[in-house]
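Order as written gives the chain letters A, B, C and D; numbering starts at 1 within each chain.
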Amino acid sequence: MPTGLPFGPDDDKLHEECGVFGVFGHQDSAALTALGLHALQHRGQEAAGIVSFDGKAFHHERHFGVVGDNFTERAVIERLPGDRAIGHVRYSTRGGPMESNIQPLFAGFSGGGFAVAHNGNITNALSLQNELQRRGSIFQSTSDTEVILHLIATSRSGRLVDRIIDALSELEGAWSLVCLSSKKMIGCRDPLGVRPLVLGDLDGSAVLASETCALDIIGARFVRDVEPGEMVIVTPEGIESLRPFDRRRSRFCIFEYVYFSRPDSVVNGRGVYEVRKRIGAELAREAMAPADLVVPVPDSGTPAAIGFAEAAGLPFDLGIIRNHYVGRTFIEPSDAIRHMGVKLKHNANRDILAGKRVVLVDDSIVRGTTSSKIVQMVRDAGATEVHMRIASPPTSHSCFYGVDTPEQSKLIASRLTVAEMEDFIKVDSLRFLTIDGLYRAVGEAHRDSGAPQFCDACFTGDYPTRLVDLENGRSVASEDAGADPVTLLTGAA
Amino acid sequence: MPTGLPFGPDDDKLHEECGVFGVFGHQDSAALTALGLHALQHRGQEAAGIVSFDGKAFHHERHFGVVGDNFTERAVIERLPGDRAIGHVRYSTRGGPMESNIQPLFAGFSGGGFAVAHNGNITNALSLQNELQRRGSIFQSTSDTEVILHLIATSRSGRLVDRIIDALSELEGAWSLVCLSSKKMIGCRDPLGVRPLVLGDLDGSAVLASETCALDIIGARFVRDVEPGEMVIVTPEGIESLRPFDRRRSRFCIFEYVYFSRPDSVVNGRGVYEVRKRIGAELAREAMAPADLVVPVPDSGTPAAIGFAEAAGLPFDLGIIRNHYVGRTFIEPSDAIRHMGVKLKHNANRDILAGKRVVLVDDSIVRGTTSSKIVQMVRDAGATEVHMRIASPPTSHSCFYGVDTPEQSKLIASRLTVAEMEDFIKVDSLRFLTIDGLYRAVGEAHRDSGAPQFCDACFTGDYPTRLVDLENGRSVASEDAGADPVTLLTGAA
Amino acid sequence: MPTGLPFGPDDDKLHEECGVFGVFGHQDSAALTALGLHALQHRGQEAAGIVSFDGKAFHHERHFGVVGDNFTERAVIERLPGDRAIGHVRYSTRGGPMESNIQPLFAGFSGGGFAVAHNGNITNALSLQNELQRRGSIFQSTSDTEVILHLIATSRSGRLVDRIIDALSELEGAWSLVCLSSKKMIGCRDPLGVRPLVLGDLDGSAVLASETCALDIIGARFVRDVEPGEMVIVTPEGIESLRPFDRRRSRFCIFEYVYFSRPDSVVNGRGVYEVRKRIGAELAREAMAPADLVVPVPDSGTPAAIGFAEAAGLPFDLGIIRNHYVGRTFIEPSDAIRHMGVKLKHNANRDILAGKRVVLVDDSIVRGTTSSKIVQMVRDAGATEVHMRIASPPTSHSCFYGVDTPEQSKLIASRLTVAEMEDFIKVDSLRFLTIDGLYRAVGEAHRDSGAPQFCDACFTGDYPTRLVDLENGRSVASEDAGADPVTLLTGAA
Amino acid sequence: MPTGLPFGPDDDKLHEECGVFGVFGHQDSAALTALGLHALQHRGQEAAGIVSFDGKAFHHERHFGVVGDNFTERAVIERLPGDRAIGHVRYSTRGGPMESNIQPLFAGFSGGGFAVAHNGNITNALSLQNELQRRGSIFQSTSDTEVILHLIATSRSGRLVDRIIDALSELEGAWSLVCLSSKKMIGCRDPLGVRPLVLGDLDGSAVLASETCALDIIGARFVRDVEPGEMVIVTPEGIESLRPFDRRRSRFCIFEYVYFSRPDSVVNGRGVYEVRKRIGAELAREAMAPADLVVPVPDSGTPAAIGFAEAAGLPFDLGIIRNHYVGRTFIEPSDAIRHMGVKLKHNANRDILAGKRVVLVDDSIVRGTTSSKIVQMVRDAGATEVHMRIASPPTSHSCFYGVDTPEQSKLIASRLTVAEMEDFIKVDSLRFLTIDGLYRAVGEAHRDSGAPQFCDACFTGDYPTRLVDLENGRSVASEDAGADPVTLLTGAA
């Protein structure tokens, strides 16, 4: 069963749903993949899986829980022999967790075995699934990724690479994939490059990973981003690059900078920590507050708070301390205890806050419930004024590209104005970074509203692809969306 | 992980690979199915699974290990709501156990969900799988049963029942199936009726089971055997019977009487215990021995030994005691301990055996290794003569119809004459029942060699169906047989 | 957590609470002890433990569940190094199971470490515990065995053997012990020899065990019984025998022959299977019935049924089949299912029973609830008459010597006459063996009522020792009896 | 089994061995204790335990692993009923972990049950244990805390409180205790007050905890420190304070400020975060460096780094990012991977460090191995100069008061001069805070060398108590120290 997270602030965040990794041509491929996935653990904590190939057979391990609990024993790694392996970490709260959804997914085609690890979301998955089922394909998971396998299996083309291209051409949405066949490791990104994927090198072995921090952990050298619409094919002979799709202006997910990526990663060419500090500086310029002290909501608000404090010339202090020990959700045996919930993860540093006017910096606000608890905690600790500054624009729209977002109606910014949110959260002032401020922080002059340089749909509602399943009246964001009532299977092993 | 069996005598038996069960229209369907599978546990101990349907969704639980360890807690049964459920127990030693092989298998078709539990083996599964893969089907297990799902999924017919008939018409081999769709429970047997399947009634709810002992445990009334080639369709409106296949003379597995079925079951119209006693009596008539005492190799040799003793007018005694406590295979840290292996399950009853001439009755001899250990143990306990009598003819051929048999070359009777076996096992005399004696015990005058009344291929090599995959050079008996080297997937969850 | 047994007949038996084993001077001591305990598993299935000594340190493993599930892996055995080891299997239903009660118990004395495995029960344990606590001893378990450790620890004598003798001299009740110090293995029995203990030899290594079946499994030679009141001291130099206690006429537990011991064991000089057959023969002589068939309630009634059938000249048949697969207790989701309970373990063999007058042979009747369910099952299968014959006298008194007995008021024979029981169980006739018949079966001319040759208190109420705690108003049979309300500790690890 | 920590920096820290907590008179006592222990998790991650009392019986749960994994389910909390409970978290690496060492320890005295949770270490535990064993006490754990239970059990005094005072009067060393009897909760600190203990109030219920952060998590109000040598007795009638021991000048552990306590706690009257910032400021004054940037080794170096940066007027940046996901120790299948170890927890933030002169601030250096790996990582990321500043004096002596310290010879500062360490760690400069600087940071003018205001033995070797066991030639710091070779027991359950 999955290890839950304690109730608390992080449950009020958007969550990246996946991280992917692969290494080709290294004797320790499975151990390296476990390390790479450990470095990508912030992208998904529900489950992890690894598939390796040893020249004769594919080997598969998949487990609920974090990498550090399930892929560290020698016996597990020894069940994954071979000089090539790919892996996946997954986050999901909706729908019952099913083991058959843990990636990499695997299929035995007539031409051989094939495994795929997917970061992103296919926005026409249900439409494709319905068509495939009508033609006789059997679905074993409720994952949109399985559509890709069936499209490859039913392609009329001959060579595997052509079959993959056929399949990907059918997809709408976001997909950064790492695939493993008996002969090749393949990395590819959708034409808009919504989700990240980087190529690295470890002493001559090719590495693919969602972020550079997964290269760092194994000492691999960063080579370059896999480009939007590019397909990188790794074989013992070397690396080949194809560009089978029409070129389009890239629309990288700007929220990777705001929250998803690790601060020590370089994504899409920019250092995440630096971008976050610049976001804080922009925020100070746009929305200064009369205060004695800048305090981050740790850990996600910390780099922006440092940037804000520097730009504002205010002291930076850890006025809130985070307890990093986690575990399953604590029970709440009585109302008395239910009301203490927020302190499981965060505690106010009374000595620092008492009698102070505080600028509180957080990366984003989703439902708003956690923010109001944090503000209350800071006030209880004696702060005289609390000015909340958010390192992104209001999150007003759901994401359909591989991020776990609540329904739009649950997003506080879709229902309330900033002034109303200020009341709800009970702060002395609340300000969000502007969308242009965010674009400046990532290095653009401003947002090009005719052809935005990034995917910023969660702030603007400007979705860069068709949302086919949604248009067809089905919620593609739901894990179980593909399931006709009578075909739904739940289960545990 | 699977619970192994201790090393010892039973590892030197043929093993039925499956038992199936289903109940339709009872509020306790999953709990009843767990009980039914518990009664069928002797047909497969590696893993068990249940699928239920509650009018909206299918629910699935599958676990390695015995029913009594995995399907007894309230929480498990509550995860299987609904008034209809089917289940399966499975035995397998070959190939790594894979969770995706635990039945019932489930598929979401375009028309709805569908689960199948299969007892038997499809002898053209690989040929069909290759063809299906070429047309784009993806296989997720290494079970021959999955072929059935894909054939249904890709059938061009409209109604589910027609699609199932299309699928089954493609199959060679043995199959007793219990299936569950959102509207129906379906039971069917192959045209030869190789494996058993019975229909029962529990206060108006239809029940399907491999043996009548699974009806008894829940107090259900035995109605009749599902007939060879029959398809029984259970709906809330009642039970319909179809006979979509050509009629052929039935060839029920005669080994069900020798060893597989429980002695308290009535299979194919005959009480198993009575048949076994008659086998013992035939054996006494055919192969009397000068002895003081008849001793069974428990538990499988016991009914025949009682029959032998009665017919021979000799005392019957429990000269060998069986320890029924089991668990995982015991380690063997040194050669000294390795040589004690056999006593884990069986111990000689010294007081009874010392100074006696003993007739030792066992049901069959597979590899012969256990028999020689048992004989040695009986001699060590002081028996002056040991005359071994086997309640079946020599097992000289592999089974391809859902029984776990060693390769033919491992069957001692395929390599040695009875006289040579006598030497190998080191008995004073060794005799097997004749094939006609066996037919007499089950109620026939003799074996009709032109059109045998039963499947007795393990004794005669006379296989009642084509062995398509075997003819194509592939061992259909192997669990992994379908696996091209590059598509083989092993794994654990 | 402990693995329960299914509800069913065996829950209506008396249960031996323990089996003990030890081996000294063999490189595979822990593995041999695991095998020995496996052979003694019928004496206790709740938990098992082993302590070994490797010349430097003692090592300890204890686990809930059967030996075959917990002591079979190489890693477990490797955590128990050394050439000497002792072990214990335990049965208990009363009080919450506590890990600290799993034996062998261990204590670090000033003179070194000491482990003890105990079969029996100390009838003045609470009185001793109260006195020891008053003097400052701290109790960590609710086991009466812990008293022995504290008495040794607080003895004023110098040498360990003298301290043990001091301690044992304080005890009332029954105790067969196997102990391990850093220098010695010690076996001893109380002066009455209530519980069994045998000495064996494995290629020069001394072995101690509750029954000979535990010698057989490892191929050890039976040497002799440890005698009542004897203390056997095993060192590398050899075996020394002490008789530190006053000689008294032995009072071996006669119920070991009726039910507790394994039929292939020789206890107190008599083969158990043979005694049981003679019991059946006595029963036939004393209480013949007009019948077609003798049917045992398996497995415990089987040898007596064979003896009955032989003596009566009636056919013996397996009219009831036992399912040996067990597991945790099955849930009972509804009343409908609750009423099927009994068939989890036993099923009637309809073909054999229909239309027959049946003699049903069981070893004993405790509460009577199971007997009535079995009789009903036999009638439902078509038996025209059911004559129940019990291979022991009515069990009318509780045991205080290491047997799990219900309170006396729950024993059906303490409340009802045989005629009333006949009504309750709904049999055509019910007869018990007489006490003299039982004595004859074990080889005595009759019971010497002035100085009985055996402990038969469960049948006669004639307890061979003082029941000190009971006289003091405390139920010594209760596991938690030592616990003052405010000292009771429950817990789980 | 215990959940290990990944190899990495934290394995090169001193570790507080325990945290204690108790609450009296609250219906949710066990749930509150679980929360309190979660807040104290940094004081011990190996195991946790809770004992509650419900007016009739004590209840006990103890588990290896963190609180969040073992004490969050309703079923666990429901097994701990009652309005009073105490708990303990434990850290230990030496000796095999034994369940019997998990606190609170419990004993049934003649007067009733008694549980104790201990933070600290008894420096004459072995001498006391030897004496107690000679008098007949049996030890069941290898914990020094068990001595306290036996001293209470064997006290000649009558009332429990007097017996406790008798017992504590025998002890040398450090002990902050939380105890639970059937009538009282008792908190006490040794006369020197080496380890912390605070008293809080939750709506009228008394709370005891190692640190104030455990009050904050449940919303309890901080009342005051339990004073050195004080005994606080909580009953339903209220709180009584005794001072049974001679008054001595307190010697609170100064390392609690350096590393052990959580930054949001107030210990011994001073806010930990503020002290750490002042330490950083003192360090900047004492040991400024020519640099562009101040970077903490997270998380323990962060507050001092903020203080350093402020005092030095240099920018503060997160040049090293910590991965907070942990799990069991990762395997290291090859040398190649072994050399990557350090990045499991820490990664350099390349963008920030490249081309910069860096001041690296850490709280202390123990073995020095991690520091050299971190420095190398910072240099690999492009830093041109690395100046290491340590927020405490050189750690040159072992602690015997409840801290897990390596043997003195493993402490780099006991073997090398600062100049030699500079070479070993390969930094451009290395400076430690002076002992007077540390005293200034905690608010003293300077260290009073005649009568030091704190225990600073790890820096100065000036131990405030006798080290009786050490003087007797036994290593009291060792968990197994009490164990004579022949009494040592290892085991697992």
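General remarks:
Heads up, the rule we're going with is that a residue touches a chain if its C-beta (ideal position, glycine included) is under 8 Å from a C-beta of that chain, and two chains touch if they have at least 3 such contacts.
What you see is a predicted model; the values in this text were computed from it and never measured.
Shared contact partners of subunit C and subunit D are absent; no chain touches both. Chain centres here are Cα means. That of subunit A falls 60 Å from that of subunit C.
Spacing of subunit A relative to subunit B, judged by their CA centroids, is 49 angstrom.
Here the CA centre of subunit A is 36 Å from the CA centre of subunit D. Of all residues in subunit C, none touches two or more other chains.
Here, these are the chain pairs in contact: A-B, A-D, B-C, C-D.
Partner subunit C is touched in their complex by these residues of subunit D: 56-63, 79, 99, 102, 106-110, 112-113, 130, 133-140, 149-150, 153-155, 182, 483-493.
Those residues of subunit D that touch subunit A in the complex are listed here as 3, 6, 27-28, 31-32, 34-35, 38-39, 41-42, 45, 66-70, 72-74, 77, 213, 216-219, 262-264, 266, 271, 273-274, 277, 299, 302-303, 306, 310, 315-318, 321, 323-334, 336-337, 339-340, 343-344, 347-352.
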